[in-house]
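A, B, C and D are the chain letters, set down in written order, and residue numbers restart from 1 in every chain.
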Amino acid sequence: MLPASNSGRVYAVLLILLGMAPFITSWIDQPFYLDLLSRALILAIAASSLNLILGYGGMVSLGHAAYLGIGAYCVGIPAYYDIYNGWIHLGLTIVVSASFAFLTGLIILRTKAVYFIMITLAFSQMVYFTFVSLEEYGGDDGLVIYLRSEFPSWLSMEGATALYYWIFGALVLTLLVIYRLVYSRFGRVIVGSKFNEERMQSLGFNTYRYRLTCYVISGVLCGIAGMLLGNFTSFISPEMMGWTRSGELIFMVVMGGASSFFGPLIGTSAFVFLEQYLPEIMKTINPSWHEYWHLPFGVLLVCLVLFGKGGIHGWLSRFDKDGDVK
Amino acid sequence: MTDSILKVTALNKSFGGIHATRDLHLEVTRGDIHAIIGPNGAGKTTLISQLSGQLKPSSGSIEFERKDITRLTTAKRARSGLARSFQITSVVMPLTLLENVMLAVQGTSGHSFRFWKPVKQDQQMVSAAMNSLTEVGLQDRADKIAAEVSHGEQRQLEVAMALAMKPRLLLLDEPMAGMGVEESQHMVDILKKLKEKCTILLIEHDMDAVFKLADQLSVLVDGHIIASNTVENIRANQEVQRAYLGEQHA
Amino acid sequence: MNKLSKILSSSILAVALSGVGIGAAQADSVKIGFVTTLTTPAAVIGEDMKDAVNLAIEHIGGKMGNLDVDLIMEDDGFKPDIGKQKTDKLVKQDDVDFVAGYIWSHVLLASMKSVLDSGKFLVSANAGPSKIAGKLCHQNFFSTSWQNDQTPMAMGEHLSKQGVKSLYVMAPNYAAGKDMVAGVEKTFTGEIVGKDFTKWGADAQLDFSAELAKAKSSGAEGIFVFYPGKAGGAFIKQYQQSGLQDVLPLYTVFTVDAIALPKLQGGNLAGVMGSKNTQFWSPDLDVAANKKFVGDFLAKHDRYPSFYAAQAYDSIMLINSAVEATGGNLEDKDAVRAAMKAANYDSIRGKYTYGNNHMPIQNFYLREVVEDDAGRWTTKIVDTVYTNHQDPYAADCAL
Amino acid sequence: MQGAFFNFSRKTIPVDWNLLITQLMNGLQLGLLLFLLASGLTLIFGIMDFINLSHGSFYMIGAYFCGTVVSVTGSLIAGIVVALICTFAIGAIVELVIARRLYRSDHLDHVLVTFGLILIFDTLVHMIWGAAGMAIPLPEILNGQLHIGTLVLPTYRLVIICSGLLVAAILFVLVTRTRLGMLIRAGASNRTMVEALGVNINKLFLIVFAIGATMSGFAGMLIAPITEASIGMGNEIIIIAFVVVIVGGIGSVKGAFFAALIIGLMDTIGRSYLDDLLKLSLSAEVAETAAPALSAMLVYILMAAVLAFRPQGLFPPAGSK
C-alpha cells in the first residue's frame, strides 16, 4: 500500500531524508534547520493524532492543543519538583492525557458536528484557564524546564541530534500505529462511523465506545507530542494550548490533506516553513512589510479551501494514475 | 402453537401529539416471509425503527425469540440476530462493496477492539463477506466503490450487508424502492433464496412482489395493524379491500 | 527515482542551500538580533522599540567601533514558543553576537536558554521577571530596563510618604501584574482595601466596569493600577467616564506612557492630567543623551518615545560601548562582559551601575502628566523617590 | 446603604446594593453587546449553516471606520452612519466573493476560510491604520455620569444599554412582523422549505449576512469609545459570542438574546463576587488568583453543561428538530 503509488514513493524518500536530517544539517553547517525540523515533526505527531479523529473519524476537535499542553506540563511540573526521570514523565503524560480524554470524551462523544467543535473548544478553554490560574506553576508566564527528561543512555534526549531522533522515532511509531489502526477491525468501525454512524449501529457496533476509544488514543498520542514539545522548547506556558493553537493544528491537517497518512506531516512542515520564512520573504519584497506576513498567509488559507481540495497530499496524488485518496 | 420469532405487544409511539404507532400487535412466525403493507404515512418505517432499536417506543413491548428486547440498543439487537436494511440506501459510500459487507461481518463476529491486524488479512472475514456478495450476485463488483455503482446494486448491497450479519430475523425496509422492473425481479429472486436462511419481515410497496414472496401479510393503517393473515385470506378480507387494497386496485 | 520525487528532493536541497547563503557571516560586522512583537495589537510597542533601535543605529552612524552593524529584527508574535524559535534562528543560523529585545517575560523565559547556552550575550530591553534577577541570573545576561518590583515599590514609598491611608489595587492576572502588586505591597504602609486581578492574554479583559464599581464603593483614598499597552488607554477612559477622578486619585506604573497619552489626548480624557506615576526615566529627564534621543525621536516621528523605546535605544548603546571598548574583538567574551558590566556609556537615564545580577542600579522618579509647550500630553518629573535603587532579588543571585 | 446580609457557611458578606445594581447594569451592557454580535452569528449559522469565525472582524472594522470618520468630521452620529453603511457593504462583499461558495461545504472549510479572513482583515487594518489602535472621542455630554439617588452611572454605558435594547427591538419587529422576517424564521428552522417556496435564496442569504455584519460592526462602534478600536478586538469576543449562539440554540434570535444576557450577567457577577465567595473557603491569595480564571471559565462550563444536557440550546428556534 505504501510504496505502491508515486506519492507513496515520494513519501518513502521523504522519510529516509528525514532520518538522515542530522547528518545533512551538520554537513551544510545549518544546525538551526534541525531545530526547525524538530518542531515540525513534533507538530506533525500532534497533527497526525488529530487526523486520526478528524480525518478518519470525522470528529472535528477545536481543542486538541490542550493535549499538547497537558503533555508539556507533565514534563514541566515534575521537573519543577526536581523529578527528571523520563519514564515518570512519559507515564504521567499517558495516564493524564488518557484520563482527561476519557472523562471529557464521555460527554464530548455524545455530541455531533458543530456541537462537537464547540464542546471540545469549551473543555480546552477550561484546561487553559486552569493552568493560567495555577500560580505555583508560573500561571500565565509559564514554566522553564531546566533539564530534559532523563532516560537510560541509549535512549537519552540530551543534545539536538539525540532529541531529534527521539522525535523522529516517535513520529514513525505514531504513523505506524495510525496506519495499522486505520486498517484494523477497530479502524474500520471508526471510518465507517464517520460516514454513516446509524448504519454502523444497526450492524451491531456500539459506535460510542469505539469512537470514545479512538478519541482517547488520539489524546494520548497528542499528549506524547506535548511531552516532546516541552523537552524541545524547555518551556511551557498556557498560551501553547489556546484555541488558536488548536485552529492551527486543524489548519496543518487540512493543508496537508486530511485522512492521508502523510498529510499532517506535509502540512506541519509547510506551516512551520511558512511561519519562519514568510516574514523573511515579505521583508525582501519591502523592508517595512516584515510585520504583514499574516496577509499572504491568510490569503493562502482562503485559497487552499476554495481551490485546493485534498491539500498538498491531494495534489501530489493527482500524479498517481489511480489516485489513492479516499 | 407455531414457533414465533418476534412478538410485538401493545406498542405505542408518539411524536409530540402525533401517534405514529397505536396499540400495535404483531407476531411473526419463524421461517416465514411476513410482509407489512399499508398506505404512505401508515407508520411502517417507524415500526421497523422501533423493532431495530433506532427509535424507543413510548410504551409496549417487543420480544425477539422469547426475550424482551424493548430496552436494548440497536447494536445489541443486531448482535443478537436481528438485522435491518434501510429504505433510503444507507451504506458507507466511500468504501468498496467488499469493505461494506466486511463491516457487517465484523459487527456480528465478536468485538472490534482489535487494533493491529489489517482486516483484509483476515481470510475468514473476507470469505464470509464474499459469500454474502455472491448470494446477491455482486461478487464481480466487490472492489468497486459503493458510491460508484448503480442504485439497484446499492440496494442489493444493502441486502448483502444485512445477510452478512447472519440474522435470524431480517427487517427489510422497501428493498425494491426506486428499482426498475428487471432489477425488482432480480431482487425477488434473491429474497426467495434468502427465505431458506432466515425469517424476513418485509415492508414493500410493490404489490406484485409482495404477493409473489409473502407467506403472511399484515395491514398497517394509521399506526395500527387492522389485519394479519395469509395472503389469500387478506386478499379476501373486505375491510382490507376497503381500507387499502381497494384504493389501489380499483 | 521517478520524476516527481526528483523534483521534490532537489527543491528541498535548493531550499537548504539557499539558507547557507543567508547564514554566511560577514567578518567585519557586529551582528545583533532584536526580538520584539511586530504583529498582534502589541505591535504598537514593538514598533516603538524598532524606531528607537533604528534611531540608535543612526546616531552611531551604522558602525560600532570600526565594525558595521548588521541588525536582524524578529517578530515573536506574542508567543513564547515562536519567540524561542526566532531566537534559535538568530543564534544558530544567523550566528549573531548579541541578542536583544524581549518585551514579555514569558517570551524571554522561553528564549533565554537558547542564547545563554550558546555563550552569546542577551540584553533584555524590557522584560525583567524576578527569576532572572534572582535564581536564574547569568553572567551573559544584561538588562537595560528594571526588575518588575522596583517601579511599584517606588510608588508605594511615595504613597506612604504622602500619608495615603488606603488603596485599591488593580492589575492583569499574569506574572508581571502580580510582581507589580507585590512591589507596591512591599513599601506601602497603609491598608490595601481591595485587589483585582483581571483576565489577561490574547483575549484580555478591557471592560473594567465591574472592578471600577467595586473600587468606588470600597472607599479607598487612591487607586493603584498597572495596565500596559492598549489596556492602559481603555482603563483611563473608563476611570474618567465613571467620574472617579474626583473621588479616587489615580496612581499608575507602566500604564500612562507615551503610547497611551496621545490616544487619551485624542479622546480628550483630561481625567488623567495630573495623575502620578513612577518610572526610572522620563522624556524630560535632564541628561544630554536623553535630550538628543527624545529630540531626534520627536523630530523624526512627531511623537514622544515611550520607555520601551528608551530602553531599546539604550540596549544598542550598551552593546556599542562594549564593542568599542574591546576594539571590536568580540571573540574575547570576558572582555565584552567586563565592558558591558561597566555600563560605561551615555545612557538616556544618566549614569548607572550594574548589580551582581546585571540589573541596573538606578534612580526612580515620580512623574506627573502635564501638557508640554507644543500642547502635547507628556510626563514631567516632580520628585526623585529612590536614588541608586537595587532590586530585592539581587541577593538570590549567585553571581 | 449596606443593608441585607447573605449567609454563607456561618460567615457573612455585607451586600452593597448600589454596587449590586451597578454591576447588574454592567452585566446588562455586556450582554447586549454580545447580543448584537450573536444575533447575526446565529442567523448566519442557522440559515446558511455557515460558521463565521470572522464575524468579529466586522466588529473591528466598524469601530475603525467610525473612529476615522469621527476624527475627520468630529461628529459621532456621522461616524456611526457612515460606518454602518461601510460594514454593510463589506459584509455583502465577503458574502458574494467568499461565503457564498462555501454554504455547501462542510464546517471544517468554514472554520479554515474564516480563520484566514481574520488574518487578512487584521493585517489590512494594521497596514491602513497602524498598530496603535484608535480612540473615539465622545461628546462631553456622554463622557459624564448620571446621578440617580445615591446611584452614579456612567452616561455612556446607559447609551450602550439603550441602543442595544433599541436594536434588539427593531430586530424583533423585523423578524416577527415582516415578510423578510418570516423567511428568516422559516430558514432558520427549515432551510429546504424556504428553498422550495421559490424564494430568491441568494438574495436572502446576502441580506442576512450583511445585516449580521452591520450589527457586529455596530457593537464594535459602541464599545470602541470605552476600550478603543484595536487590531484583533473582535477575535476576543467572537468566541464568547459563539458560546451565546450555542447556549441560546442555533438560529434562534430569542435564544441569542436571553443567552447573551445570562452570559453577560454571569461574567460580570463572577468577576465582582467570585473572589469574595472563594475567600470563604480558600486563602486570600489563592482566591485572588483562582477567581479571575474561574470566572473566565464559567461561560465555558455553562456551554459544556448545555451541550451535555440540552444540546439543541435553551431556546431553539420553533419547529426545528
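A few comments on the model shown:
In this text, contacts are C-beta pairs under 8 Å (C-beta built on N, C-alpha and C of every residue); 3 or more make two chains touch, one makes a residue touch a chain.
For clarity, every value in this text was computed on a predicted model and none was experimentally measured.
For the remaining chains, with subunit A not counted, the touching-connected groups are B | C, D.
Of all chains, the one whose CA centroid is most distant from that of subunit C is B.
Distance from the subunit A centre to the subunit D centre is 32 Å, each centre being the mean of its Cα atoms. The distance from the centre of subunit A to the centre of subunit C, each centre being the mean of the chain's C-alpha atoms, comes to 34 Å.
Taking each chain's centre as the mean of its C-alpha atoms, subunit B lies 73 Å from subunit C.
Per-chain Cα centroids separate subunit A from subunit B by 43 Å. Within subunit A, the positions touching two or more other chains are listed as 132, 135, 139, 291, 294. Among all residues of subunit D, those that touch two or more other chains are 123, 126, 131, 239, 289, 292-293, 296.
All chain pairs that count as touching, in label order, are A-B, A-C, A-D, C-D. Contacts from subunit C toward subunit A in the complex involve residues 1-2, 4-5, 8-9, 12, 16-17, 19-20, 22-23, 38-39, 43, 46-47, 73, 75, 79-82, 84-85, 88-89, 91-93, 105-106, 109-110, 112-113, 129, 131, 136, 173-176, 178, 200-202. Across the interface of their complex, subunit D is touched by residues 54, 60, 62, 107, 110-111, 113-115, 117-119, 121-123, 125-126, 129-130, 132-133, 135, 139, 243, 247, 250-251, 254, 258, 291-292, 294-295, 297-302, 304-306 of subunit A. Contacts from subunit D toward subunit A in the complex involve residues 45, 51, 98, 101-102, 105, 107-109, 111-113, 115-120, 122-124, 126-127, 131, 239, 242-243, 246, 250, 285-286, 289-290, 292-294, 296-297, 300-301, 303-304, 307-308, 311.
Across the complex, subunit A is touched by residues 52-54, 73-76, 78-79, 83-84, 86, 90-95, 99, 102-104, 106-108, 112-120, 122, 161, 165 of subunit B. Chain contact summary for the complex, subunit D toward subunit C: residues 16, 18-19, 22-23, 26-27, 29-30, 71, 123, 126, 130-138, 143-145, 152, 154-157, 223, 225-228, 230-233, 235-237, 239, 268, 271-272, 275, 288-289, 291-293, 296.
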